[in-house]
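What follows is a set of structures for review.
Two complexes, one shared chain (subunit A), two partners (subunit B, subunit C).
Moving on to the complex of A and B:
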């Protein structure tokens, strides 16, 4: 456990040493504040459009951080040949994977805390009410979803040769699931056999990341997601994280480390 | 000759650049075909901005429904027009819309059933202080596509509803400047003058112009916009009736019958007006004695 935490600590340090997060945070803040300062028809009551834009930017930033940070972890270690002294400590390959995963996931969590804190301040200062529990639920679900993405990118980083191709493919897959995942069953029902069974099979196989996108509930001040639903969604995500991490280990344990 | 220091060269270059800028400024504006009136969004996005304008208009509709809105996969249930955006509860357009928005149906599998715990599943409309939430999206839509007429009419409806009459008038005038042929904007502008400013003369002029514009554009069409004709003519007929011009009011109601879904109700109104017109004036009776 200590080894895993030590490896994850290095990944977290890398996040705050690199400029990616700062750039994304400043961009999110500037665009949100700029949109928030615009007055439409001398109206000061409208706030939902600011929340909508801010949350969209937060989701984009978080995805860029998660995919960008994770995609370069193992390829960078191999490229700089630091993987050899790391494995000579002795550290097993499974611990390397787990450490990298924990580091990237925790780093995403830290970034999310800062981004949601900013969102909470902007939203609360305009709406004059602070639904903290709703914000915490949204943050938790968002973070859990990023865990699945991080595990998927780690698997990609041992399968694909370059971090860029891994990042691009992951972006396409994640965005595809977020936009279309919910409707694949409807699409399947309109297809003839055997395409119907194939599409339905994909529908049941993919991790339904769109569940974790509860932006609308926050924007339109709707009821909180129930605790049981939240717990079940977390369990569902943990299963997919385990599947991807196990897949990563199965590929990585026999992989030649020199490029 | 003494060598020029680097700072002096820098100053000379800056002075040369400044002088050239003053000379070129006027010429450069002539090179571009773009007018000065083009805003930043138009320059950046070109004609592609119309796509975004439509997106923002839909976003206003989503905001109006507090996030409960059919996706592209529920196309059949998507609102076909924008009447629901300006319809009060109990009106036929609102009732029809209520049926349209019942798009979710029973869940097809456990994934869909569970997924519904994380989305908005209730059909509600904006009310109270939240009514202004559609306005930013409509304003953005109008900025991106000034030729999208419904943006102006829907925004004006909500602005009037919020009591922002001056803003509604200004926005409609902006829309009319961009779309001088639009009878829809004229209809809204007439309503604003008649219902809020009580300026009957101006409302009549504007509705007359709206009627003219409708005839110019729609009369020859195979499928003319009869609903708008009905709205313009009914409004104008009521105005004329109140002003005592009964003959003109009858004439306008006859025109409405073409497009009205309830021509029998209009016929009753026409008959009542005809009776009123035929009856002797109350002031004429004492004179006869």
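Moving on to the complex of A and C:
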């Protein structure tokens, strides 16, 4: 465990020492602040619309941080050969994968906390309403969803040589799941066999990331998601994380260390 | 005496790059045994199989056949690397970290307690003369300074065996002398040092025993003094003779 934590600490340190992270972060914060400060003559719909856009921006930023950070982790270790002194210590490749995963996921969590906090303060100060539990639920499910994305990108990073191709492909796949995942079963029904079975297969195989998009909880102040539903959604995500991490290890353990 | 490093009929083959090519045999049935407290020089021309052998010992590459062990433990077991320090030929470190942060990271991996890690970091940065630059990111260091950070990280766990891959490569004469002094000091402390080098004069000065390999095969192994006496030549001449170098005589 100490090894995994040490490696994850390096990932987080690298992230906050990179300038591109701050650029994205400040950009998101500034746009959120600007949108939050615009007055719409207390028109509820307009305020909700602005909140929706601000949250969408947070979602996109979080995805960019998660995919961008994770995609370069293992390729950078191999390209800069820092993997050699690391594996010359009593460290296994599995621990490297877990450390990278934990570091990227924790970094995403920290970024989410700051972004949600910022958004919460801006919107709360305008509306004088603080739905803390709604924010916590949305934040938790968002973070759990990012765990699946991070594990998936990590798998991509040992399959594709270039981080840019991995980032592009995984970004498209994640966006595809978020936007189209929920409709795949309906699409399957309209297809002839064997296409129907194939589309159904894909529907049941992909991680349904869209389930974790509970922005409406904040925008429309909806009823909270039940604890049991939250726990099941977390378990569902953890299973996908485990599968992707296992896949990463199976590929990485046979991989030459240098690019 | 206990063998610290041991290889038995070690063979490493790499797959052919294309279907028409034969597979490349990097190491052919290598038998080595290095005892505790020895400084062992591992010599050979470029592409002879030195780095591949080291990569097997460090668990980076799996042997095709044969066995390799460190402290009697199979090199495929991560625990075999608990008591070793490794210095790569080139500096491969996280450049966004400072020397102190890098050493602390490796100390955490070895599970060294915080206060003990602090003590060792101070001691090692003093040894490699990087105390004044300890808070600077490694990316701002010169090559010699980076190599010295490498030496410090190799020593953070107070290893019983040091594996050094061309430790003086690219260093200026002063840097080389410092590295040589450190190796000498480690030898005096009873550490085992296994290192490859192209600097034959340096090897002759520092090593107790040497092995020369060429095209993956062990050509000669023995005490430096014995080899010099047997061949009636210095180590450089012996080396050139063994690898089959024919000097071009001018007309």
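Rule of thumb we're sticking to: the second predicted complex is superposed on the first by the 248 of 259 C-alpha atoms of A that agree within 3 Å, B and C clash if a C-alpha of one lies under 4 Å from a C-alpha of the other, contacts with A are read in each partner's own complex, and residues count from 1 in each chain.
One rule holds in what follows: a contact is a pair of C-beta atoms (placed from the backbone, for glycine too) under 8 Å apart; a residue touches a chain by one contact, two chains touch by 3 or more.
No experiment lies behind these values; they were computed from the predicted model shown.
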| item | value |
| --- | --- |
| Which of subunit B and subunit C A:204 touches, first, second, both or neither | first |
| Which of subunit B and subunit C A:48 touches, first, second, both or neither | first |
| Which of subunit B and subunit C A:186 touches, first, second, both or neither | first |
| Partner chain in contact with A:257 - subunit B first, subunit C second, else both or neither | second |
| Greater subunit A contact set [subunit C / subunit B] | B |
| First (subunit B), second (subunit C), both or neither touched by A:85 | second |
| Subunit B versus subunit C as contact partner of A:227, first or second or both or neither | neither |
| Shared contact residues on subunit A - subunit B and subunit C | none |
| Partner subunit C, residues of subunit A touching it in the complex | 2-3, 5-6, 9-10, 13-14, 17-18, 80-92, 257 |
| Parts of subunit A lying in touch with subunit B, wherever the complex brings them together | 38, 40-43, 45-49, 52, 141, 182-183, 185-187, 189, 203-204, 208, 210-214, 216-217, 219-220, 222, 225-226, 229, 232-233 |
| Complex contacts: residues of subunit B adjacent to subunit A | 59, 63, 66-67, 71, 73, 108-109, 111-112, 114-115, 117-120, 129-130, 132-133, 135-137, 139, 155, 159, 162, 164, 167, 171 |
| Partner subunit A, residues of subunit C touching it in the complex | 58-60, 78-82, 84, 86, 88, 90, 92-97, 101, 105-106, 108-111, 150, 153, 157, 163 |
